[in-house]
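One chain, chain A, links the two complexes that follow: it is found with chain B in the first and with chain C in the second.
Moving on to the complex of A and B:
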């Protein structure tokens, strides 16, 4: 069985490597990634430039490879059925499962090659643009400590703020009006090595209509063994992640972090997300290992896309398979939004029973869509890598378990079943 | 004799998207194909020949009736190890070379590497494609691609060979080779089922034929039984001088009371073509085409009913 699967995967790989589409895809990936540093406009800092480059390069790679994976997988079976190569293949002593698995393995090898190429290119460019000759020593240190590293996030043990105003927003947001404060308490983990710097990562929104207008804020950091709090005043842009370097703190200490809204020029209320508004960062590993884990997260996603494309290609003709795969990908892309915003939406109609019926139907459909689409947002490497956030191996394992084995395996079983029942060479009527 | 293919009340109805019946492509046909027999399916376009072959190969599922191949369902994977199939059109991977394609199919039959390479070499030699074995088949002419298709159908030294229009796209020499190959395989006890529009091809190689029309079998039987005219007979002599011929005719007229027709037997155009081209063949062949080749691959000529040099 294995030798047949390997033969089919080798054929898939060989066919793909010799097609013009593959050469075009490589050219697109290389041109897009290599051209990115020339097109990015950041805040002028080395950290900002690097963060944006990682974000866009990784995002672009994921987008291109995801589309290519779903597209090529959708055609791997359906195009062979249309070209009638499959008519010969299924008359040989091979099971539908062997054909499906062989195709999937071949496609995964292509995904691996493409991802390795893109990853190598991104890493090489990252090293080239941040080399000693280009950046000052301070910038290098700052980059190494903030971006080109792997921090893990420590959530606050306690959040102290004014009572939330009536309404739903108080459950998810903490408001800090001008002149008011908001405090968080963190326990510094015992595994923190004393030499490593700690960072406070925060992000907020404001009550202003102008989204990007900065707000002046004062941060007060107080460890339970210190007598004088560390203070830093700064102007911070809303909707952007910020990392504040903290003074050394001994492991196990309780750290109280307070934000005071001191904006006077154009007063505005600052809004922090209740759980993730401010978090503590501690160094867990080097950037390189984090980068590899990020690539493995992308590969898990490509494993799912390949399985999806193959299965719809086992049932439908190429155009229908591509449409179905991309429609599913679109719904999957909206899964985060579906899970939060769409579930809260309600139809307001008269009579009330009709509105109730529509709401119940919509709720059911959204819940179903949420159930059948994989939780891609949970394994989004862009949430980690550009901010230097640590990607645990457990997350990589979970991503492979859920995306590749769970969803991919379910699709595989569905694909075997449908493909084994599919008739070839039907008359065109 | 063992029955290799058994069909009874075999029916295939093609349906539209809404599952409404649209075309009754095969309508309650019944036939048996015995082991070692060359069985021909004849009929005009749309008569149901290819649909029948595709049901035999498990590509299509019968709507009604029973169909068994080697006593099993046509979709049974194990019995497919004993089948070779040449489709109506050359369905090859255009980016692969002829050798790579044969190697790929050989691996699906679990042929060991050394045995596989031997089979591939012999098949490439038999089909005259040795010099073109490293070129992508996408660059091949229709006839060359057809030869690769034929080679892949024989890579496992099958017991049942299903050939759909095997001579389409081949030059007369290639057609002759295919017919010789079919006869060689039949001598070895292999079962061959073929469909063709070229009646002369079928007549030369088939033991039995079924003529289909509108999805039904109109007539089936041994070729000789179907074609023989029992109310007439033919005498063949060496060429006679006119006066001796007239004397013979007078005797025949007197004995039979009929007026016998006299003509000179002719060769077939195929025979004439092969003889003519054969005289030109010794000259070097163009490097892009099919090389001159003789006979059949060694592993396909081994003793009847015995394991060949390339066992699956």
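Moving on to the complex of A and C:
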């Protein structure tokens, strides 16, 4: 069985290699990615330029390859049926499942080649545009520590503040009135390498009406083994994420972080989110391994789109299959929005019964779309890579489990069944 | 045979293309003549942009909407690295929609800049906003006075006004850049015998080119503006605002009807007195008046980046030109609001002139004001007017604009210098005491560090040096106009 699958995948791969579409796709990916640094317009900083390049280059690669995967998979079976090549294959002792899996494997090999090429190109350009000759030493360090890295957030073990009244906002917010303090304790994980910089990431709101007026605050950081706390006074803008570089701390140490509200000019109460107001940012791995995990997340979604294309191609003619695959691809692309905002949207019109009916119908359709489409937003590499956020292997495993095995497997079973029942010998006019 | 057919088809296609190109121009003219165009064709647009705007047709608006929604979301999340790119796309998708240009530039300069606590990062975003309007917006909408006014507003209000705590940094950065290009305060013509290597030598061809290409300032027009209204110190933001407002007016004059064709101006300014609510031409006119008045109050700059000295003091010589321009505008618009603004300006001018001991000129303006405004209380004498205003300024010192306070303190110190030079030590000491007392009251009204940072006055010694220099300059004619 395996030899048949491998033989079919080899044929698929050979056909693809010979096709102009494949060459065109390679040319498009190369031109788009290589031309990107010349076209993008960032905020004027090295960090902004790098983030933007990673974001757009990766986004472009995902879009192009997803479309190409759905397109080529939709044609892999349907075009061969239309061109009668499939008749030669199905008359041999080959099961429909073997044909489907062989095609899928061949297409995944192409996806892997294309992704490898695009990934290599992105990485090469990234290194080229951030080389020593181009950036200052400060920019290099800042990029290495903040963006070209993989860091994760550690929640505090304990938050020390005044007890909040039950049921009030104090359950979710920690208030620091003028002159008062708020402390958090963090355990520096043992896996932290002593040479790597630690950051305190924090964000807050204030009691002022003017949303973005800065507040002066004093941070006191004290480790178990330090005799004198590290102090830093600064003016911080509310509603914006701040990262404070901390002095080196040995792994396993307990770190006490205290914020003192020292705003005197225009006193205001500072409000931290109870769980995420202040978090420790630690380096988990290098950028390269994170980059590879991001590519694997993309490959998982390509596995799903290839399975989708093959299944609709097994049922319909090429144009219908492409249309169906693209429609599903479009809806899947909106899965993040569907899962969050669309479910909360409501129509407001009169009469009320009509509005109620429309809301119920829309809600039902959106619920159905949310149920049917895979949760691509959950495995979105762009949520991690451009900001230097760590992609855990567990997430990659879950993405493959859900997208490739769960959704892909369901589509595969559907594809075997439909393809095995498809009538090949219809008279052609 | 097959090859011959292919060649024939290729030739036919080329012929068809050539024919279409020939007809295209005529069709374009026909559409323009019969006003069949929803918007005028893009000028100076790169081919990719021209193609995109035509090819996307009505879908441009939809894509711009989606990009705009993304901009809002990213901004709320504080992820701003993509905003400049999104603003670039949105404005290029709707290149004739001037409100979009104005909003995106304003958003960068006002909303995004304040997300950063440090002045350097803020300045980058203010500059991003200016560049978007100046380098791109005006390139595609060169005949739109609204956009000139919006650009002028960024210089006048964002850099020049005290609203942003980082405004002293912005002012210094602008002054440093312009000083490096101009080798001084303004664009001088090359006097004979000047060593071109001297730091005060006029700008060379490369620097003039930088003025044109990087700052989009036309040296010929700068000289013309200087000749008509100035000369001005080009290191000051108000001068840049004046230049762009003046360019907006010129544009409107050269293209009558352009103002009516443009879309509504940006209503995003938080300041209700901003010229944004007015039609482009009138807003440019109003901005010019505000900038000329500012040049009178604070148009003389003493700037030294090495010692971080940045002091602005009044340009008393500009007063006749400012008054003339106000009176011309009043004759043009005949608006009650404008007359009130002018009356207030005259009041300020009288106080400033009095502070510098120019009472004869101040009295004459007071008389003119009484003649011009019959509603004014004629029972109040000149001396009572001065006395009442000084009391009011000290009582409301917390709200007194810094340029007016600087003018009063430097004026009093200037009189002290003059008296000292005349051997009148007693009166010199009295003016010194008054200057110090006024400065102390002003500074005491600024309890918070932020308030002092935004509106604080320079040290008394610094202002005394300014006053001494002014006193020396006044001994020789025409020296006052020469700012350092």
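Following the convention adopted for this analysis, the second predicted complex is superposed on the first by the 288 of 429 C-alpha atoms of A that agree within 3 Å, B and C clash if a C-alpha of one lies under 4 Å from a C-alpha of the other, contacts with A are read in each partner's own complex, and residues count from 1 in each chain.
Keep this in mind: a contact is a pair of C-beta atoms (placed from the backbone, for glycine too) under 8 Å apart; a residue touches a chain by one contact, two chains touch by 3 or more.
From a predicted model like this one, the values you see are computed outputs, not experimental measurements.
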Touching partner for A:47 - first (chain B), second (chain C), both, neither: second
Touching partner for A:55 - first (chain B), second (chain C), both, neither: second
Touched partner set for A:423, first chain B, second chain C, both or neither: first
Contacts of A:84 with chain B and chain C, given as first, second, both or neither: first
Contacts of A:266 with chain B and chain C, given as first, second, both or neither: second
Which of chain B and chain C A:228 touches, first, second, both or neither: neither
Contacts of A:241 with chain B and chain C, given as first, second, both or neither: second
Contacts of A:92 with chain B and chain C, given as first, second, both or neither: first
Of chain B, residues touching chain A in the complex: 14, 16, 22-23, 25, 50-51, 54, 57-61, 77-78, 80-81, 83, 85, 87, 89, 91-93, 95-96, 100, 104-105, 107-110, 136, 149, 152, 162
Partner chain B, residues of chain A touching it in the complex: 3-4, 7-8, 10-11, 14-15, 18-19, 83-85, 87-95, 423-427, 429
Chain C-facing residues of chain A, complex: 40-45, 47-48, 51-52, 55-56, 203, 212, 214, 234-237, 239-241, 264-266, 386-387
Complex contact set, residues of chain C against chain A: 78-85, 88, 111, 114-117, 124-125, 127-128, 165, 448-451
